Amino acid sequence: MLNIGILGCGRIGHVHARSLQMVDGARVVAVADAFVEAANALASGVGAKAMTADEIIASPDIDAVVIGTPTDTHFDLIQSSAKAGKAIFCEKPVDMSADRIRECIKTVEAAGVPFLTGFNRRFDPGFAAVHARIAAGEIGDVELVTILSRDPSPPPVSYIKSSGGLFRDMMIHDFDMARFLLGEDVVRVYATGSALVDPAIGEAGDVDTAVAVLTTASGKICQISNSRRATYGYDQRAEVHGSRGLIRAENVRENNVEIANGAGFRSAPAQHFFLERYAGAYLAEMMHFIDCLASGRAPSPGIRDGLAAQVIADAAARSLATGIVVELG
Amino acid sequence: MLNIGILGCGRIGHVHARSLQMVDGARVVAVADAFVEAANALASGVGAKAMTADEIIASPDIDAVVIGTPTDTHFDLIQSSAKAGKAIFCEKPVDMSADRIRECIKTVEAAGVPFLTGFNRRFDPGFAAVHARIAAGEIGDVELVTILSRDPSPPPVSYIKSSGGLFRDMMIHDFDMARFLLGEDVVRVYATGSALVDPAIGEAGDVDTAVAVLTTASGKICQISNSRRATYGYDQRAEVHGSRGLIRAENVRENNVEIANGAGFRSAPAQHFFLERYAGAYLAEMMHFIDCLASGRAPSPGIRDGLAAQVIADAAARSLATGIVVELG
Amino acid sequence: MLNIGILGCGRIGHVHARSLQMVDGARVVAVADAFVEAANALASGVGAKAMTADEIIASPDIDAVVIGTPTDTHFDLIQSSAKAGKAIFCEKPVDMSADRIRECIKTVEAAGVPFLTGFNRRFDPGFAAVHARIAAGEIGDVELVTILSRDPSPPPVSYIKSSGGLFRDMMIHDFDMARFLLGEDVVRVYATGSALVDPAIGEAGDVDTAVAVLTTASGKICQISNSRRATYGYDQRAEVHGSRGLIRAENVRENNVEIANGAGFRSAPAQHFFLERYAGAYLAEMMHFIDCLASGRAPSPGIRDGLAAQVIADAAARSLATGIVVELG
Amino acid sequence: MLNIGILGCGRIGHVHARSLQMVDGARVVAVADAFVEAANALASGVGAKAMTADEIIASPDIDAVVIGTPTDTHFDLIQSSAKAGKAIFCEKPVDMSADRIRECIKTVEAAGVPFLTGFNRRFDPGFAAVHARIAAGEIGDVELVTILSRDPSPPPVSYIKSSGGLFRDMMIHDFDMARFLLGEDVVRVYATGSALVDPAIGEAGDVDTAVAVLTTASGKICQISNSRRATYGYDQRAEVHGSRGLIRAENVRENNVEIANGAGFRSAPAQHFFLERYAGAYLAEMMHFIDCLASGRAPSPGIRDGLAAQVIADAAARSLATGIVVELG
């Protein structure tokens, strides 16, 4: 039985704690949060102990930590957890600075601890099936990837201001998905965007509607588009065009009911947002983490995947700012 | 070049005349209608001569007739056309009386003239593909057939009164489709119905909402349901469950556009009615007829198919009237 | 906090026990099974006590029982549980004999205990949405209901022999769904069937392919078709044609991925069987039961719904055996 | 009755001649082709006279010309036809050189003759419905346009060499569609591409897999992707994300049949290529042209739309060649 400590008892901490209740071979023994009440609430909900993060990391009985705290605390928690020999599950983004992620990589690899970066979408049954069937050769060589992601509504402008911008906060998921589906490193990035949803987002220096084009060394191309607002639910689609066929994962609708009348055939909106759409993905992600710890396999996506997506996000932000196409190292 | 005479210049006569304009190897040379003006209009539209039906049938230059006159005139036209050696394309139903159809069969078979019964749905690209793939063994043995047909709106009650009733007027198409898809003779019929769309239809002695269950000697079963009204267009679906899989033909929608918002995803209604939905079927049907005349193959469905559907319709009407299950033959 | 006792620790007992772990306000405190090991296994899995059924029913600390034992034991358990004042959740069918269900109704209603009949499909998000939207008037008056149910593969012939036959064992679910969607009592039943999937099923005196037509007093009609085998997964569909539109619940596929190549566009099979397809329904069903106990509302479907479906199943079996249309009292 | 002369009797000339046979108020009176046999064949097929292009343009009895000759002959034919006062329907691209198109604009506008540029996709029922519903405000303000076009297989490399390159030969259609759906002028173009389908295309200096990002002055963004090969048919999709919803036109499949078995649900491939997919569009396009001539309305898309798409194609080609983002005028 693996003993897990949850660092951060907000919404995502709850999701991971609940997932762990459904995973055999692991249990949540301790939780921590800067707000003691939040820690106590989750602790009593899952039958764990509320402790401080330092206590959890120092505890010899705890095998792994799940980091779901604010991004600016990730760095220190990763450093100390790795040095303490804990296996680490860290929410994305690992850090807002690629250089700091590189420092984390050194520590994590020196310590030799397992590390999973929380790119949950890789574990969505649809996207996972797309990846598996590409790997099985069903569409031949990958040539063109198209990723469309739209949130149901923008976060508060106050959040936007400290988010690192759309490319680092939102499209980062799509950059990881692009790497997952392209199966090859990205060498060139073009990105552009506009503030069409809310002018206040533009005034805050960010965009809410954006696209990126990623190219790999062998010439595979990925197009991504994002909007911070979709009236019809959480829009999460990807398709891959290959030499032998096309594969795509469509949106998941709230139910499979269709109603028809003079206005046509109407089916349900897409599931509202990530908690609904990715409920299964969060569980599968945690099962993968625990399974890796139990079997000794390396979790994937790892910390280097966290870095790679961040590097692309930085390049996209630079492309937007400068209007030029950015070549990656 | 085959010379064709059109008997009956109403809506369906126009459809067949226009189809013939697109078919190589045949041309409309004469048209006839009880209303001389109708005949003149179609004649000038397609560059043919307006004549009487008798003149057309007597003309040695005419190879085939297309009968699209009112049902109660079919019998005489078939008799005289067959005796004159004309190939015959006759709209469904061949006649309202099975006995009279049997008489026509004698004459037609004695004359040895080709005969096509106008069950147009067999030529719909969807239903034809269903049939072809069953024949190719793709779903194994046929076990259960489900046919759903709904008209957009009921005909006038005055029409209903002389229509022979829903089973002979509307479900007759589905009885033929059942035979087409079952690939086996029907031996037992149960039918029931209600007047739910318009009480005046009930007062006229008919139903507007009806179902039938057909069983074959080997135990294959077909379910049919009809309504005289569908708010979402002309509903025409069939599915066949077999030992190795399921095949189904869905409705054809007005276009392939989908619009999404908070109310969900909305696509276009089904094509409005038979002229839209079966435009391609009418053309394919005529191509088949002309192709058979040119090649010497027997057209299918033939006059015996017209009889078989009528016999089932009669049995269904009797089942509705008596509440019992009717055994055939 | 409501204390629940699980009677029967087979597959469905596990499902309900796990559901109860996710429902606030209730907990499994005791479980029973004729096989002590089965009881012990489930008890340790959910942190409950293994007891005998009699002990559970006699325990003053237990508020409700969930009966998931073999059908022939339901009668006694219902009688004693009701007399002991327990709320009852009973798997379908309540009993194979309508008369015995009537006896249970007397006892249950005399005792005034809440009773839920486990027609889980009413709680499926799709079918529940269909029902809710009909109730909201979205399709006007219900006229024609079409229900298609097919299991992935037949049970062993040994099971078939003691199952009460397809209508009581399998189509019973569809009879309840018919009543749920028709919103009106059934007054007439026609059913027929064949052994097409496996001749051994026919030799055992049962059918594996069957249809039924149900009619209500006002003339609404429901068609049902069943097969014991579907190569493409668990086929569970229903559609309702009303005066103002059509509503339908389609199958739930394993995922939302589509792959395209020269053979066309291929998407995933339907979810394999009831444990996958109705996972959400089982949970929603239990939430409804617990919510009713907490709020004092009567659970629905109740024991009289269990009887009504059984009466239709008996009539269908008689119609199949005799070839006649059966009128219900 | 309008008298039309067809210039160019290849595949597209045939399409337009046949469309004209179905359009009231116009007839093909003359056809011309550099290959006299081709002209004679079409002439006899549609009951027209084979003449030279010069004779047609000089003929006072001819009201309009339909130019479907090789692109490098368009310029001269437009010049002389416009000067002769003929209405002009000209296949895309108007010319490979934007400057020469500008010269044609001068002549055409000086002559005041109606001019339709043959961007047939605007007349596809799906794309036309998308445009109409955007215009009706159904999705609010346009923000993001996504266009995916893939041909079933690449043309011969010999054709590629003289085609002007993918952007001018293939993506030109999508540039026009982008303008049609954006409703605003494009001010910035980024394009990239690879030769992934066939290395010989790369050796010929072209790409076969390409994307473009177009931006308008107000910040609306369009993404386009092209491939010269799709195993599943002619892939022609567009979607528009707006402030109030999403609208999309899906591919048109060969039929509406679906077959299910253990491998899942399989439906037909997309219609094979442009002659099948755009049969209706070609007819609607011609009806629009004739309707404009009859009513005095200006045809749309006009010659300036032909120029605008060419300018974008030139910019895309330059972006590909230089790796920079190109600003338009």
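Every chain is named by a letter (A, B, C and D) in the order it is written, and numbering of its residues begins at 1.
Operating definition for what follows: a residue touches a chain if its C-beta (ideal position, glycine included) is under 8 Å from a C-beta of that chain, and two chains touch if they have at least 3 such contacts.
Every value quoted in this text rests on a predicted model; they were computed, and no experiment measured them.
**Student:** Count the C-beta contact pairs for A-C and for B-C, then tell me which is higher.
**Tutor:** More contacting C-beta pairs are found at B-C.
**Student:** Among the chains, which has its CA centre at the largest distance from subunit C's?
**Tutor:** D
**Student:** Measuring centre to centre with CA averages, how many angstrom lie between subunit C and subunit D?
**Tutor:** 57
**Student:** When the centre of a chain is set as the mean of its C-alpha atoms, what distance in Å lies between subunit B and subunit C?
**Tutor:** Their C-alpha centroids are separated by 41 Å.
**Student:** By residue number and range, which residues of subunit A touch two or more other chains?
**Tutor:** 231-232, 244-246, 260-261, 268
**Student:** Enumerate the contact residues on subunit A facing subunit D in the complex.
**Tutor:** My answer: residues 141, 143-144, 146, 148, 150, 188, 190, 192-197, 209-211, 213, 215, 218-221, 223, 225, 227, 229-232, 235, 241, 243-246, 323-325.
**Student:** Taking the complex as given, what residues does subunit A use to touch subunit C?
**Tutor:** 125-126, 129-130, 133, 138-139, 244-252, 254-261, 268
**Student:** Residue numbers of subunit D touching subunit C in their complex, please.
**Tutor:** 231-232, 253, 260-270
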